[in-house]
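Labels run A, B and C following the written order; every chain starts at residue 1.
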């Protein structure tokens, strides 16, 4: 019996961790390449969710299937990432504190815009519960879908970063702006690509997250499982800026959370907030994370 | 073996003399005179305003205090807080719970009927309680701040109010011993705390006219602002203030001259928390719309108030105290214009204002104006050279540089 | 006074010291980083009002020794006595309060404020509630200190405008402002002209006349001969010689240590 429970929990944890990994990957990417802790990451995820909602609801002429929603979410995430970089971050790149405060304000600007848009423009009754369908008919199949595509996309990203010209340029920029410039790499372009790809991942994750949890919310970035804080936790646990590390971090948090919820008495209360607890403990004990850094590793 | 230094002589006497001279307001720089003029104008405002406008403006005084609270720790020591509402909520809930769930039931139980004086004393005790609770919160955040650098600390400060918000829900019905009637969940404490002056019966002094009520609330709030200004101005202009800014620059340098940076960091957090908590506590008893609920104390979206105070302080100028006053006026003006034309877009335009200020005016209005004023005065005196003023780097710029170093340390990058 | 200088320049590694052998005493001080021994059971005593040269080739463990002594990090083993008290491992800022301050070879002035304000910070009391600084009296003291170390002309400039020698003087001024009894000066003459060396030598000599004890750390004795009473030479974390400057320069072991081309 106990073995069976453990097996079930392990499967749940593997699925949950895959979702967490894809939530955090964009955050990792931006930090790894530009050294920016993007406090607007949660907002990018929310944008993806909202685009997914718009495509699949009858807000516009017709309600499209969820596949179109995923596409819309990914595209919207990529767009918001690119616009944020081109419109603002580009001008303040050499002012980290300004960036820090700015991404924070931008993030909340975006989600308030979504709240206002949802309520006043698209007539959503409750912006805290924006309906987004899950991808597959059953919860289990949906989990499998998330697991498979998450690994597929992360694998693709890994290939892109390590084995393409652009990817190598990204690594170069992540190591040294100046050095990269010396060998003729346009750091500006690389940063734009990074922000766009990171936004795309966030947007895709937003649709999946909302689907898996039943619905989205304008405040989802800081509501359990709080993807913004989750991303911080994962990235800090896994060592800042390392893709491999973030995946490890996602699995650690996914497993820790599932097992606390299932096996610790009163653990249900911790669903969605265990990352917070782990994060705080980790920040205080070992702020440098479990693994080193390196955007492409 | 006493080493002879220039420190000998009657330092105490010279110090007293110097402080006295300052208090005489002689030889004040123009900007200080302007500052005093501004505060004087604030004091006269009730003569000009209608009760409803006045109430709106009373809230601005609280915004000033909240922004000052942020500036003390983030502007001066460079420890960026993204969740300052944590302290406001502690102060506001602290006084409400102290008064309504502890003092009033206790006195009722003893059969004491409170007159105006009694109620005032109870309210003051509540404010002290709220301030203390917030100060404790300052310790709670200040201690991790000793270990965490830069963005990580900001993250913890962002999480703190979210957790507090959750705990208001978890302990909605009852928080054993501390809050027997609970923290009221998302809708807040329905049982309003008594006012100093009010129209209803729930006040130390009952009045029957709207304008008396508004004017009284304004001046009580104004008094609170003066207290906050006196305390924060005193600390930041004393030696402790230069230690704060030195921490922002370089903690090792502080340590190397025999000063304990940890002590000053925690002090900055506690002072900031106490100021914010005090302001929120007074608000609960004297402010307009003084309901102890999450919407007031965190902002409608749980985090807006924390963002607003940053926007206010950044517009006015970080690390100046005065900047918060000016920034709050700008903010309030923008907010009321927005309220008149596109109220449904709130709070987007003010966030936008903050973004624009951060991008294009990172030093803030007050430092820029001071610099401009200095040049102008120098020009009038005919000092052509002073037009090319030595550029004392701004607080924002210094914090920026320090964070850059920390981030570079974290990621081990170079040349960024 | 300890009899140490009279024992000649030969190393005496077995000798250990007690708390009262000098104003500053290190007894069997040891610091390991991982497996690496940076300071190897080093013992020495500094006498009141002396100017001691602490010499060693680059990488000999000078900085590590003094980081342990001044509390930057605690030693792995051994004891530090200051004014007869055990002060091993107390934090750097407390060490300054005990009366020991130091200058840094890598300057880190506060760039946001003028030179005089940099010195003024060192005069700030380590107290949270204070009227100090409100009346401008600490500023007067800071100005006085600036004049004494030869920064009178430039004290209202920002540190970034200072020449190299000015930075050294600023470091000295900041250290003096903490009212130390013992001052550790790290490579004071690096990159200075002969005139500047002479000027700083005079400043330090006058500090000693006023009762201060100085330890000058350097990788060779060039420029120190007129300043120091006694030299203490280390290599690989251990003492190899101790004695008057003349004794040191004639010591065969010291000459061997510097055979690599550097001049003692």
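The criterion applied here is as follows: a contact is a pair of C-beta atoms (placed from the backbone, for glycine too) under 8 Å apart; a residue touches a chain by one contact, two chains touch by 3 or more.
Please read these numbers as outputs of a predicted model, since none were measured by experiment.
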**Message:** So, comparing each chain's Cα centre against the centre of all protein Cα atoms, which one is closest?
**Reply:** B
**Asked** Looking at C-alpha means, what's the farthest chain from subunit A?
**Response** C
**Between subunit C and subunit A, distance of the C-alpha-averaged centres to the nearest whole Å** = 52
**Asked** What is the distance, in whole Å, between the centres of subunit A and subunit B, each centre taken as the mean of its C-alpha atoms?
**Response** 34
**Complete:** Between the Cα centroids of subunit B and subunit C the separation in whole angstrom comes to 43
**Prompt:** Which residues of subunit C touch subunit B in their complex?
**Reply:** 48-49, 91-94, 96-97, 101-102, 104, 108-113, 117, 120-138, 140-141, 144-145, 148, 157-158, 174, 176-181, 210-212
**Asked** For subunit B, which residues count as touching subunit C in their complex?
**Response** 1-7, 11, 14-19, 21-22, 234-235, 237-243, 245-246, 248-250, 252-261, 263-264, 267, 390, 392-393, 395, 398
**Fill in**
Within the complex, subunit A is touched by subunit B residues 80, 82, 144, 147-152, 154-156, 158-159, 162-163, 166, 301-304, 307, 310-311, 314, 344-345, 347-348, 351-352, 354-355, 358-359, 362, 396, 399-400, 403-404, 407-408, 410-416
**Complete:** Per the touch rule, the subunit A residues reaching subunit B in their complex are 31-32, 35, 37, 39, 88, 91-92, 94-98, 100-102, 104-106, 108-109, 111-113, 115-116, 120, 174-179, 219, 222, 226, 229, 232, 236, 240-241, 273, 276, 279-280, 283-284, 287-288, 293
